[in-house]
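Mind looking over this structure? Questions follow.
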Amino acid sequence: MTTIIPFGPQHPVLPEPVSLKLELDNDVVVGVLPSLGYVHRGLEKFIDTKDYNQTTYICERICGICSALHGITYTKSVEKLFNAEVPERAEYIRVIVGELNRVHSHLLWLGLFADGFGFESLFYECWKYRESVLDVLERITGNRVIHSISKVGGVSRDLTKEHIDMILKMLDTLEPQIKDIEKVFVNNYTVKKRTVGLATMSKQLAYEAGTAGPTLRGSGNAIDVRETEDWDIYRDLGFKTVVEKDGDCYSRTKVRVKELYESIKLIRNAISKLPNGEITTPIKGFPTGEAIMRTEQPRGEVVYYVKGNGTKNLERLKIRTPTFANIPSLLLTLPGVKLADVPIVVLTIDPCISCTER
Amino acid sequence: MDMNSVLTVVLVLIGAPIIGCLAAGIDRKITARLQGRVGPPILQPYYDVKKLLSKDNMIVNGSQNFYVVVYLIFIILSLLMLVFKADMLMIIFVYTVASLALIVGGMSTGSPYARAGSSREIMAILSYEPILILYALAIYLLTGTFKLSAVLDASTPILMYTPLIFIAMLFVLNIKLKKSPFDYSTSHHAHQELVKGMLTEYSGPGFATIEIAHFYEYVFLTGLIFVFWAANPLIGALIAIVAYLLVIVIDNITARVYWQWMLKLSWTFLLAISIVNIAFLYISGVKIV
Amino acid sequence: MLENEVEIKSSSELVKTVEGLKNDGYRYSTMICLKANDGHDLIYIFEKDNKLKNLRYFVKPGEKPKSMSGIYLCALLIENEYQDLFGLTFEGLAIDYKGHLYLTPNSPKSPLA
Amino acid sequence: MSLAKSPWIIHVNCNSCNGCDIEVVACLTPLYDAERFGVLNIGTPKQADIMVVTGSINYKNVNVLKNIYNQIPDPKVVLAVGACASTGGIFHNCYNVIGGVDQVIPVDAYVPGCCPRPEAILDGVVAALSILENKKKGNIKGKEVPLKGNEVPSNA
Amino acid sequence: MGMLNLVLSNISRKPATRLYPFEIREPFKEFKGRIVFNPENCILCGICQKKCPPDAISVTKADKTWELNLFRCIMCTECVNGCPKGCLSISNERPKTGAKETVKVVVPIVDKPKADSPKAASSKAASSK
């Protein structure tokens, strides 16, 4: 006997409005049909009425969690259209804010994930540490969550000496705190009980299902856009891709925890190498041509396609977000798991429906 | 019924919810402090109940609140029987009826979450019931009767001879208080994959009744722990309080597990240690007086 | 023109090329749809070893392009999206939302077309 | 005073970009700890008093929103958090956006910002408390909103 | 047990909670709270209106008003950077929670003899109009 249970769109452990129609055989999922559209706004049409500068702000609001990286990717793609050379200092500031963004996003995810298996105090612990990152971001950019740091041609605010000291100090306190929560995620008996061996995807399957980010790297694929030539800065900073082999929820968690350390290292390196100089370069005229820009967001690779036609409005803007790439993998991993595990499995892809649907 | 018993009944009826309410409030406060935050006032559960009573009552069918009342009555009954040192087996039976009433109520609402939560609660009953029975059996072996009065009148605490059953009972306490790692059928403050589990469809006064019943239940469950050292009520109360605090701490350092895991745990480990304990009592033939 | 772009002329050639790419170990990244000369341009983006490969295919007005979801399952989401937004119809979709992936009957029809 | 001491909220994410959502969740976490006011994030509308809505309304989630609103027992208060929920914000002209929350259900208090600080959201919750009390005293009922059809066209 | 350590050290420390609204932390000086409009030099050119992504500003030349819908503003600060006369600035104070608020200001035109005093009206309205 199978029963259909609607999961979402409003569900307390899923902060995201996605609706899954789950077909259950006793306690086990046998079929799943995602239903989307609860946050579809129609942002790709924004470009018809607003110019390419204003579009930056809408791109940041594709999603509030990796907002800084959306803004950075968009502005970088438009700069590609202009063939513009952005001052190095601006690029470094983008990396610093982008990586701080990743730290806050991963801490946020770790917390929500803990909440997914009913571990409230761990959830609170993660979010408590996250606040120090937000405080720093607020002081750098003027806002806690939506940073508006990147603009076409550079960045909107500069880093002062005071800011740099504050970032370094924050990282020094944050690192041991991450070590503390890492111990729980990696060693706690009940946590392992819930995550080890759950929703395993083989290397091959994760690759072919087109997944992105920690979902992909958790299955042993060392693919990270930060290694590509689009972001040559990262190679100077000694970036190393984080990979875990097992492909289950546990290794996806470990990827994210290790990426926290990687990001902290990147921020420290970027600060030590931070060049002096301008933070913006003037951009004149209107964009023409086509460009594709990819960056690595907390949840995986985002692809921006922009096409300009010589007017102030872009002709086409298309965003392939990481969750969009990861959702099909749910169709493969959900059948066979228990109902109690559904939120956990859904959470391990770190779903952000608002960018999926735009 | 003499005057004294009437007085006791009245005292229990009034006192138990007050103690239970305070216990719930202290639980929330301690939980908050363990999580590094300030937390609600101690009287928060009282405010919650008062608010719920003043809200509109939304029901999906007429019988759901009937089951809640049955639940409340049987919880009170089992508590009274405990206070009046009645037959342990009867107490367990009445208590189980109370739990079943809540499950039937959850089932009757028809919401898929409530159904799934209710069936998980059945699993919970399946896993703790044998331990409770063995607990009663241990009392029988030690005193020659199921009557609690024998335990309470004895001068030696039964904990001396039932340490393993005591450990098993701590797990039962954890399961019944619906604390992590066993908070899968419903939970008090945390939310979970089943929304509010079997209590999803309750609102306003109906939900308030459940909360009040929970207050009685808190007292009843800690009472079961108290019995382990009833010889000296002070030590007994202390043990009950420590057990309660222990459960709160465990709640904060574990994730929620599956009911399958709980069932396995209780039918293997908990049952095994309880049976070892019983076997020891049976073979050694110790009696307490 | 994008880097590494190949122009595809016919629908059968497209299917063959995509199958070839899959055998070569390419990942399906995404597909982009643009309005062009009354019809639509589809740009298929594939990735291998962090390099992109783009296929451009022109969909004539009224033509029903073939779905790639048989080759790459993950193509189904983006193809359903374009059914919603551009009013295209893809043939052979693994799960077909029939133009209601995002939009409800009340919403505007094919808003980007 | 009983209502004001135990406001249970249900958080409804409509068209939000997640910015507001994570700030609403941040309110519950140790640094802001809304539970100091007795706030619990309850998962089911039937036990909630305050509906916290983030994001604007679109044609698909409008019925979810109305449905949840109808399920909350009286007295109830709706709190619109963020520019999107208040006026449609930056998305107010998008084709699939109907507008702010007040286009379809009555809203009692608005929280400005994009995204609003947790402090601003706490202000909103505190403001909602007295509104709850007043509604109880005046026996003001939320009106039943119809589920399907006549969505207000985007004009705000 | 890593978690046991964490929770026990939590209980032994002061809670991390900021006791808002009883203790209010000073907002950071960098915080973008709200847009402040100084009508003195405004020439009603409307650049701010054109630059504003969510159309929160409306400038009406005919009745010389400058209007900002605080509940639609997303604090992107495009208008601040765009204003040729430097009339707009960022304050680290945020708008009040509660009813929707629109700032409507009648602007004294500079090239004409100065109006007696800039009439600033902060009108609170239940709906944004």
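Note that the chains take the letters A, B, C, D and E in the order they are written out, and that residue 1 is the start of every chain.
One rule holds in what follows: a contact is a pair of C-beta atoms (placed from the backbone, for glycine too) under 8 Å apart; a residue touches a chain by one contact, two chains touch by 3 or more.
Just so you know, these numbers come straight off a predicted model, no measurement behind them.
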Work out which chains are contact partners of both subunit D and subunit E. A, B
Max Cα-centre separation from subunit A goes to chain B
Where is the C-beta contact count highest, in terms of which two chains? A-D
Taking each chain's centre as the mean of its CA atoms, which one is farthest from the centre of subunit E? B
Cα centroid separation, subunit C vs subunit D, in Å, comes to 39
Cα centroid separation between subunit B and subunit E, in whole Å? 53
Taking the mean of the CA coordinates per chain, how far is subunit A from subunit D in Å? 27
Taking each chain's centre as the mean position of its Cα atoms, how many Å separate subunit A from subunit C? 25
Residue ranges of subunit E touching at least 2 other chains are 1, 3, 7, 15-17, 19, 53, 74-75
Residue ranges of subunit C touching at least 2 other chains are 102-104, 111
Check: subunit B positions touching at least 2 other chains come out as 32, 34-39, 189, 191-192, 195, 252-254
Let me make sure I understand the interfaces: which chain pairs count as touching? A-B, A-C, A-D, A-E, B-D, B-E, C-D, D-E
In the complex, subunit B touches subunit E at residues 30, 32-39, 249, 252-254
In the complex, subunit A touches subunit E at residues 50, 53-54, 57-58, 61, 121-122, 125, 128, 135, 138-143, 146, 148, 156-157, 180-181, 183-184, 187-188
Within their complex, subunit E touches subunit D through residues 15-21, 24, 53-55, 69-75, 94-101, 127-128
Of subunit D, residues touching subunit B in the complex: 2-3, 5-6, 8, 29-31, 33, 35-38, 40-44, 46-47, 49, 71, 73-75, 136
So, in the complex, the side of subunit D touching subunit E is made of residues 30-33, 36, 83, 86-93, 102, 109-114, 116-124, 126-127, 156
